[in-house]
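Shared between the two complexes below is chain A, which has chain B as its partner in the first and chain C in the second.
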Partner chain A sequence: MKRFTLFNITSLTLGFAFLYVPILILIIFSFNASRLVTVWAGFSTKWYGKLLQNEAFLDAAWVTLKVGILSSCIATVLGTAAAMVMVRSGKFFGRTLFSGMIYAPLVMPEVITGLSLLLLFISLGVERGVMTIVLAHATFSMCYVSVVVSSRLVSFDQSLEEAALDLGCSQFDAFKSVTLPIIAPAVISGWLLAFTLSLDDLVIASFTTGPSATTLPIKIYSAVRLGVSPEINALSTLLIGAVTIGVITASLVTKRAAVHRKRHEEMARQAEG
Partner chain B sequence: MSTDPFRPWEDPQATPLIRFENVTKRFGAFVAVDNLSLDIYEKEFFALLGASGCGKTTLMRMLAGFEKPTEGRITLNGVDIAPIPVNKRDINMMFQSYALFPHLTVADNIAFGLKRSDMPKAEIAGRVDEMLNLVQLSQFAKRKPHQISGGQRQRVALARSLARNPKVLLLDEPLAALDKKLRQETQFELMDIQGKLGTTFMIVTHDQEEAMTVASRVAVMNAGVIKQIATPDAIYERPNSAYVADFIGEVNLIDGKVTSGTEKSCKIIWQGGTITAQPRAKLAKGTEVRYAIRPEKVVISASKPEATNAIKGKVLDIAYLGNISTYHVETDSGQIIKAQLTNVRRLSQRSFAWEDPVWLSWTETAGIVLTE
Partner chain C sequence: MRRAFIISIPYLWLVALFLIPFAIVFKLSLSDPAVAIPPYVPTLDLSTGWTGFKDFLSQLDMENFIWLTEDNLYWKAYLSSVKIAFFSTVFTLLIGFPIAYGMAQAPKEWQATLMMLIILPFWTSFLIRVYAWMGILSNEGFLNQFLLWTGFISEPLQIINTNIAVYIGIVYTYLPFMVLPIYATLEKLDPSYLEAAEDLGCSRTSAFWSVTAPLSKPGVIAGCFLVFIPVVGEFVIPSLLGGSRTLMIGKVLWDEFFSNRDWPVASAVAVILLLILVIPIILFQKQQERAQEAES
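What follows is the complex of A and B.
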């Protein structure tokens, strides 16, 4: 069978066009010299320069970065811990419920997650700001981390940890010196995933933020309501770049670790054979 | 070496180093170790033999601290070890799967336990070198576990568990992946280490020759219980049950019935005739017994020999094993009895061939009368 029929090529092109043409247009127009978004007036990087002078955008970028780093770190610690419990403790009372509860936020509508967190913060009387967004983001991204890490832990040979204990390690030392270095690629890609999720979240952030903290997505969203400016295009391009790099790095880290493992197994087999 | 043999288990005054007292281990409803009691003395080289899945690893894991006995207790130097966590027990284990740390080099693997002991930092490198030399892996010190062969990995695992110089060392099939020559060298190395350091070894093995070579005592396990504990020669020459006789080495098992007997001698009737044997105790007339005789104790001859036990048959099959041959002889009554001969002559010149009529014979003391 011919693989590249006219039909196949057309549908492929259309599909990709549907996905990426809007983004491509956005990127192209971020280099537009004209203020008018829809009229091309030659190539220029001036909007990027303008962007760097825009205090409000820079502030928002700083907030986003802070939220992203903090929340993804918290999510990584919690998600890894949850994964350890899920994979390791075998059967215990309420295990199914527990695992279901960890994975539920993956399919929970963001609006509901955001709203419930908002209600929680209000009832606790917490002042909303950077910290509340951090907590909210950590909450929803930890389940992603936990999925990534537990899929690695399933294939982790537990006798390695036992050997570490046998050689004098405490439980924590065994985790730190043996388990963590071995599952590190999964933990890192979990972190990157959490960071990326935090970076582009609008809904949950808008629910849990206060007047003092505006993240980039919120900023962009509110700016766009006053009209699309080339500055926004430039900013969005940068964001797209950041997210792309994050996702690609995460998948590369995972893939490289898998390839590595495979090669090691291959070599081991050859050495034995 | 002292002249009196090392036999602390025969000394009623000696206190065992390790004691399993009525230990039972269940996984759910499955009984992996069944009400097992066992004493192991200091400086022993204790070998555990048994079919796959009979609970050998489980027994070791309880001693190392990875599993808790469901019932009973284990003591080390008279102290119940149940409350002592794995990392505080002066017991090291070499895992059946080696469990080498893949992210560390061979040298770092060996140093791992030393860094967590009270050994001064300055001495660690020296100790690692010493262990590398011992297992002949000095040139692989900088490699990662996946860059060496299976047998080399096994030696790294051995070196790593030995490095800390534990009081008790548990070896779960430590030499299975080594070729015969290296295995023998390592066996002697282990015995040497044991002689030098006085470590108490407990070794699981599927290789009975290995158990015979290294062990001070051998225990044969089956389905979570110990069938017999004895010195290697005793377990070979005087097994207490058909299971043990059959498990250790080759054996002919003949079912029969005691027709008459004293404490010294008895007659057993079986399908192929009558056997005169020496029982361990007086057996009542009519007792159902199994008579066990090792193939190497059965003599083959062309004409009727002058022996207490003799039987006629014909050669059914010959298994050539290099140094010896095993002859499968079918008796006139249809049973098959194995006899072994050393191949003193070349293959083409052997005295008996297929279908040859032969006589099998053995002395009164050659076999064993078993009642279980």
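What follows is the complex of A and C.
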């Protein structure tokens, strides 16, 4: 049956080494006492101290967080609605166009999306800043949410929802108390995906922002263009740490939710029998 | 009624913020640059009625596209972007497939962990992962120090600011996009097919080529699209790891827009990039729809 062969172990080890060694080197050198990033000169946490005193980075972090939370919430609502449309609505006028608009942003080069949104905001005369970045991020991340949620919806037994409707639920109630709890893990991971996409984005934010709002990636990019610096290593380490904790927590929570659901189903079956 | 309402909200949102912006890019690509805010003419002024609209139309022309065809830089940039995207897709597939295969073959209790290990870098900032390579590939960087130490080379290799660094950066950052769809198809593959092939006298290698490889095709195709299409327009990697001789159209567009402030030419560059990508994008959409239908 399934087992590790020598070939598989080798390809996995090399593959994961390729993925993780660069990140490990980056983390190690954030604790380097020397300003030279490539020469080890002893352990120090001074770059973290420097970082926390850097107002510009802290401001940018705050803007990024605001944009991330707002845009991912909008994207989750729109993306879930779009997934319901894609999976449930059958044929309707303009369906091909709709599905094109859902899948195209997943692969569309960011420079095109960014440029086109900027031109839209300018021709509407909207002042650019936090709100325009939020709109831009919500637009492309809703497509990711929709793909994640659709993949859960297609494997979902629709008769459960029909049963709720037969028992007198309104359509909204049936969605709220039957469909939503079942697709909830996908909705949550969709939200997380939208949130990290927003935290991560440099190109679209650069196009759609104005002078009033600088996000963390924009700040990092302008610092990094001048070369490698230990402060950026420290900042990267903090971000990597936050993401790692977030992803592991999320996966533990969904695992526990799955165990819970299984137990409830088990109990329901016993009650029937 | 309710159904129409649910359809209309995401539909209108995407039309307003995805489709209409492209129309504006297209319009602007036919306009002339100007020293003004916004830096182009003509702007559509509907207050003057029909004559305003006619003036607007008469000022549109193909000048920017002619300019693009006359200047060698742009053609070279398009060609080299497609070339870089093609080869990095091939490299990503060659590295990604064995990883996905190893994951799918691993014992069940390991698979969740392996999956997590592939997804984790994917959630980690793209910019940071590219930045990590800047420190490794630079002349005094980790790789050169290591190679000098082992004695393979006597003086540092110039890797950063070359196309090699760009390839490394692309393969590294896009690897999860290749591994995940391939793993998803391989994991669903029924092992009894392979057993049947072996019972019928196939060697393990020929069983792989006649059973596993064809059945993993949807995953491989999806992975290739997910890498190729965005890489053609990639900006961050050539800008941080590439040098002055790395020509990629995403960077040309960025410079045209932010440094030269020639918005009409930037828009024309974007329109042609979109024309190059429109066929792969449509194929990708069809493929995704088929995969979803197969699921349900």
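Basically, the second predicted complex is superposed on the first by the 215 of 273 C-alpha atoms of A that agree within 3 Å, B and C clash if a C-alpha of one lies under 4 Å from a C-alpha of the other, contacts with A are read in each partner's own complex, and residues count from 1 in each chain.
Here is the rule we go by: a residue touches a chain if its C-beta (ideal position, glycine included) is under 8 Å from a C-beta of that chain, and two chains touch if they have at least 3 such contacts.
In this text the structure is predicted, and so the values were computed from the model without any measurement.
Participant: When the two structures are laid over each other on chain A, which of chain B and chain C touches more residues of chain A?
Facilitator: In the superposed model, C touches more residues of chain A.
Participant: Is A:43 contacted by the first partner chain B, the second partner chain C, both or neither?
Facilitator: neither
Participant: Looking at the overlay, what does A:123 touch: chain B (first), chain C (second), both, or neither?
Facilitator: Once the two structures are laid over each other on A, A:123 reaches chain C alone.
Participant: Under the stated touch criterion, which partner chain does A:178 make contact with: chain B (first), chain C (second), both, or neither?
Facilitator: The answer is first: A:178 touches chain B but not chain C.
Participant: Return first, second, both or neither, reflecting whether A:244 touches chain B, chain C, both chains, or no partner chain.
Facilitator: Touch status of A:244: second partner only.
Participant: What does chain C use to touch chain A in their complex?
Facilitator: By the definition above, chain C touches chain A via 2-3, 6-7, 9-11, 13-15, 17-22, 24-25, 28, 38, 43, 95, 98-99, 101-103, 105-108, 112, 114, 116-121, 123-129, 131-136, 138, 140-142, 145, 172, 175, 179, 191, 225-226, 229-230, 232-236, 239-240, 250, 253-254, 257-258, 263, 266-267, 270, 273-274, 277, 280-282, 284-285, 288-289, 292, 295-296.
Participant: Can you name the residues of chain A that touch chain C in the complex?
Facilitator: Going by the criterion above, the answer is residues 1-5, 7-9, 11-12, 15-16, 18-20, 22-23, 25-26, 29, 36-39, 78-79, 81-82, 84-87, 89, 92, 94, 98-113, 115-117, 119-120, 122-123, 135-136, 139, 142, 146-147, 150-151, 154-155, 171, 196, 199-200, 202-203, 206-207, 217, 220-221, 224-225, 227-228, 232-233, 236, 239-240, 243-244, 246-248, 251.
Participant: Would you pull the chain A residues touching chain B in the complex into a rising list?
Facilitator: Those residues of chain A that touch chain B are 157, 159-160, 162-170, 173, 177-178, 181-182, 264-265, 267-268, 271-272.
Participant: Flag every residue of chain B that touches chain A in the complex, lowest number first.
Facilitator: 64-66, 85-87, 91-93, 95, 97, 99-103, 112-113, 116-117, 144, 146-150, 152, 160-161, 164, 177
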